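For reference, the structure discussed in these notes is given below.
Order of writing sets the labels: A, B, C and D. Residues in every chain begin at 1.
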Amino acid sequence: MKKFFALMMAAMMVVAMFAGCGNAEADAGTIKIGMTGPLTGGAAVYGTAVEAGMKIAVEEINAAAGEDGLKIEFKSQDDEHDAEKALNAYNTLKDWGMQFFAGAVTTAPCLSIAPSAVEDQIFMMTPSGSSEKIANSGSNIFQMCFTDPNQGANAAVLVSEKNLGTNIGIIYDSSDDYSKGLMQGFKDKAAELGLNIVCETSFTNANSSDLSTQVTQCKDEGCDFVFLPFYATEAAQVLTYANKIGYEPTFFGCDGMDGVLTSDGFNTDLAEGLILMTPFNPDAPETQDFVAKYQAMMNDVVPNQFAADGYDVIYAIYDACVATGIDGATPAADACAKLEEYFATYSFDGLTGTGMTWDASGMISKIPAAVIIENGKYVAF
Amino acid sequence: MNEYSRKMIKVSTTNLFREQDAGKPPVLDVRNLGIDFGGLTAVDGFEMTIGPTEISGLIGPNGAGKTTIFNLLTSVYQPTRGSILLQGIDTKGMTTSKVNKLGIARTFQNIRLFNDMTALDNVKVGMHNQIKCSFLASLLHLPSYYKSEKKANEKAMELLDFMGLADIADQKAGSLPYGVQRRLEICRALASNPAIILLDEPAAGMNPSETAELMHQIRRIRDTFQIAIFLIEHDMNLVMNVCEGIVVVNYGKIIAKGTPEEIKSDPAVIEAYLGRKNEVDA
Amino acid sequence: MQVLQYLINGVSIGSVYAIIALGYTMVYGIAKMLNFAHGDVIMVGAYISFCVTNYMGLPAIVSILAAMVVCTVLGILIEKLAYKPLRGTSSLAVLITAIGVSYFLQNAAQLIWGTAPKSFTSIVTFKPFSFADGALVITGEVIITIAVSILVMVGLTLFTGKTRMGKAMRAVSEDRDAAQLMGINVNQTISMTFAIGSALAAIAGVLLCSTVPTLQPTTGSMPGIRAFTAAVIGGIGSIPGAMLGGILLGIIETFSKKYISTEFSDAIVFAVLILILLVKPTGLLGKQVQEKV
Amino acid sequence: MKKLLSNKTTRTNTITYLVVTIAFLVMQILSSLGMLGSATKGYLVPLCAYIVMAVSLNLLVGVCGELSLGHAGFMGIGAFTGIVVAAVLKNVIAGDVLRLIIAMFAGGIMAGCFGFLIGIPALRLRGDYLAIVTLAFGEILKNVIGNLYIGLDSEGLQVAFSAGSVELLEGGKMLLDGPVGATGIEKISSFPMGFVLILFTLFVVLNLINSKEGRAIKAVRDNRIAAESVGINVTAFRMKAFVVSAFLAGMAGVLFGLNISSLQASKFNFNTSINILVFVVLGGMGNILGSVISATVLYILPEAMRGLDDLRMILYAVVLIIVMLCTWSPGVKNFMDRIRTSIRAKLRKNGKEAVNNE
């Protein structure tokens, strides 16, 4: 019995291994863009958002291209927010004949794929991998979002300029590089600007289910401003608990916190007065078309900046391809060289900003935008 | 039974020794041994000595504490009081395996063989401390491994042959018949090269002819290996025939001690086994 | 006052662990298996409760009942389909199947409810109690959670001690074969255990999400492992042990975060677990079993 | 002598070595013919690491009978040790292969030492309690490594538990950066080295099983009290098995770590430990070849199912449950046996009829 199953599965495996072989024929009229991201597991919310944003962009482009225009063939793969699986996912896409890699969504997978992308000379642009190490991995690797220390520093500048608080508290996720990077950037800049940090406390992904201690610590230290460099999931917890114990400092979040308002069942009153730095505003008039399409696709969920970043990445790559005359027949390495050159002078307008440019290392420069939540809506801050 | 001398001599005020053992130190010397479980005293004041080549028996009604005494002797339990001197060394605080290395091996009332292993492997496990082969040599199968394995095999086969088990050497221990399992367990105990071997009801579940064979084997073991044997048994025929000294316990205490003849006629023993005069039931 | 506040926080999260641990302990004590899918049943319970209140607009109490019904059915189904066929074989085989069930539930939840986290609305509506000008705050959730966990513990103790079914459970837990010979329907008893354990999981899910409002497909796994740890600290199989272990774990976690290090609090919690097991190898209130030779 | 060593074990072992070698040769030939896609090539080295993990865990769980839920922790220790050692030796030793081998032994020894340290308290416990302690150690290791910062510059190594404490000179490099983990790792692992490691692991584990140590370990598993009664020091043997298993897991970790350019401590969490345990249980307890095959199949399966998109992981779960039921359940076994006999009976009957009709 056991042997039977072992044999059956071994046979399946062999078939599957060979199924991945052989490159598909290249079609000049269609460029191939691949993406990896966490589509299952704990980080799936980010991966599925990016994937949906990209799919919307692809649909728009293909509809607009008509008969003869350049089209996109898009494929997404699950990386389970795991460096090892990410590499497998990337290799699967490579076998499929991917010309451009629009991933990964989270930092760890980006870092594990980047050296391969450099070696293969495949143009890589991550929508949301924000560690500065990603862009530094190679000249063909670009980012659509801010790097963490940059954003952290921008936040500190904002706090200082607008005089948001005198006693500053920080709660961060010490097991998450995104959170730690932001915290470090903020702290360094804050020291430079003479901001007074009185409480610095953290949690890990293993014990993030209870953040009451950390909030209470900030309260006890008398913080009137609390910097929360982490995702919406934990932010909702912090806001809820602070509300329960009647603690009302100014809370300040980063782009990862975008989406806090739209999480199903969230009492938006709790987030009143929350300030966050996000390049994407779903309440702005210019994003309404995208929001509607996204909601139609994703069961009425309101898109966050992850989705918008994904959307922008597809357009950035596509527009650059059109501008440089790349088509589906261009080998990936040639396309990569052309795009690398083009991006040095490229200025791109998208949902997450206008006049975006990239420096030589591939880091983005766009205007840091902050919003404040008033009456359950984002209002420019 | 004439060839097996039952001549016993007094070596001290309380102890009898086999004539051949006179002048030699006892292999086992137990003094005032006792253990309490919670508030309950299971064994109390147990004292005895066993000569280096003596066959002794431990008898008593069910629940008298016989197996507990075996467990104390092999350090499965640590005694609450008293001491056990094994070849003159106090075994206090030692582990079962340490005590075995000092020279005591045993069998179990409810057979405990390694059921998934062959009979041969069971004996080889028993020989574990006799096989001289370093851990690294075993890991890398160096030449010394093959040499020691070969020696172990030969010796294990010898032992199996001695117990009349050579033909079942390659069979799984768990699949063997009951009587054979009992003999294999003795064989495994012998393999650990003990100075004294404790047999916990070796004849349980055996038919009369198997029991007769076992009696013969017990004597042969003693004579061949020149070791002491201490056994628990309910089969009085076996006990009275093979044992040279017998200790009777009841309710955890010794009620009689002596040669089989003395025990047979001891009123305390008769009372313990047959009850008071009016109670007929044993 | 500060210490008191942290103590209350600790007891609060500890009570949530305790309720989950009670479910673990019940199933372990009777079916002798580590049901690693228990945490995911909790997640399902929370989702059901969320849907009933948010999409159907029914009151909280109805949502809890609905969650309990669904989880009970789910628990019995899982037991019948995935665990029962393996009864009597290696306990490891059942453990692996439980992990398969856990993967299944998480991924099924993702397909049904999506990846975007839901914000769970607390079932507790009354205002927090505030003492000493807000220096000490006791939220309604804390009171409810502690009350419910004590209630559940007492209820379970009475149930296993007094009722026919409960006694049957204890008998099965002591010696399955002997219980069978005494005419106890072992299969039915174990099914019943899963039913009760899963109903408890539903309550735990609602309370967990009332305290920690984020609900997503992986919500149950980490608290599940914590609760399992709690059950072991208390002595797995012991009902008061699960309660004690849960609350102790909550307090240790909170205090180590506050007074030692937030970064290493996981390590500290597990180090405490190891220390406790070294001193008491079967947990604080676990039974010490002497092996019969 | 051969006869005495029991031919059956020798045969099983030979088959195990043969299967692994043939599989390796086939993959090498296919690879040199350019018939393998990059995805398949990408699987090979991690697969080797997982096979080694499964075999080493089988020594613990299957042969020794000790349930461990923290095996990935040892893999993690090995991986990060190997990464640091490989980086330190970069300018000292030229050959990548030699450097990898040294790193592997360093990782193995480090993991073995931790195995020993952890074994001291853990092995006093039994059964599910041992399982929870190994789980706890896995989590502790993950937590500690996740907060460990190691930097390398011309002055040497710097180790600290906070990011600010490591101040590197010009040209220095952070080898391990807390939660970001190790990045920019030089990939020096290769499939042939993975194959060599598998052979080494099989050699050690099979030899161990077929030696007096292996007999003692099995004896301890089957009947602890009886094993003690013949002089086997139970704790020592559990410890030996534990340390050897940790050592091999550490080596597997090095192979794994030096094949990936970015590695985080969170990779070596409870889920990874459980996955490896799944390999072992499905392959059969104590069955070494079974572990090799099931690790291969179960590692490839979710990758092979990538085409299923949304349903991939849920189907993997279903397949896992069904396979467990089919391989372990007595009921299903009986059912399949009945079907098989009835089919056979029918075939025989049909055959007879056919003969009669002629």
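Everything that follows uses one rule, which is that a residue touches a chain if its C-beta (ideal position, glycine included) is under 8 Å from a C-beta of that chain, and two chains touch if they have at least 3 such contacts.
This is a predicted model, so every value here is computed, not measured.
The chain with its Cα centroid farthest from the Cα centroid of subunit C is B. Chain D has its Cα centroid nearest to the centroid of all protein Cα atoms in the structure.
Our note on geometry: subunit B versus subunit C, Cα centroid distance of 50 Å, whole angstroms.
Work out the mean CA point of subunit A and of subunit D, and you get 33 Å between them. Averaged C-alpha coordinates put the centre of subunit A at 74 Å from the centre of subunit B. Residue positions of subunit C with contacts to 2 or more other chains are 107, 263, 266, 293. Shown for subunit A are the residues in touch with two or more other chains, namely 40, 174, 204, 206.
Shared interface positions of subunit B, i.e. residues touching 2 or more other chains, are given as 76, 108.
Contact residues on subunit D toward subunit A in their complex (touch as defined above): 35-43, 46, 139, 143, 146-147, 163, 178-181, 183-184, 187, 256, 260-264, 266-267, 284, 290, 293-294, 296-297, 300-301, 303-306, 309-310, 312-313, 323, 326-327, 333, 336. The residues of subunit A lying in touch with subunit C in their complex are 40-42, 44-45, 47-49, 174, 201-204, 206-210, 212-214, 216-217, 220, 232-234, 236-237, 240, 244-246, 259, 263-267, 298-299, 301. Against subunit A, the residues of subunit C that register as touching in their complex are 2, 5-6, 9, 12-13, 50, 54, 106-107, 110, 114-122, 128, 130, 134, 137, 139, 141, 208, 211-219, 222-223, 226, 253-254, 257-258, 262-263, 265-266, 269. Taken in their complex, subunit A has these residues touching subunit D: 1-2, 5-6, 9-10, 12-13, 16-22, 39-40, 77-78, 82-84, 87-89, 91-92, 94-95, 107-108, 111-112, 114-116, 131, 133, 137, 174-177, 180-181, 184, 204-206. Residue ranges of subunit D in contact with subunit B, taken from their complex: 1, 4-6, 203-204, 207-208, 211-216, 218-219, 222-223, 225-234, 240, 244.
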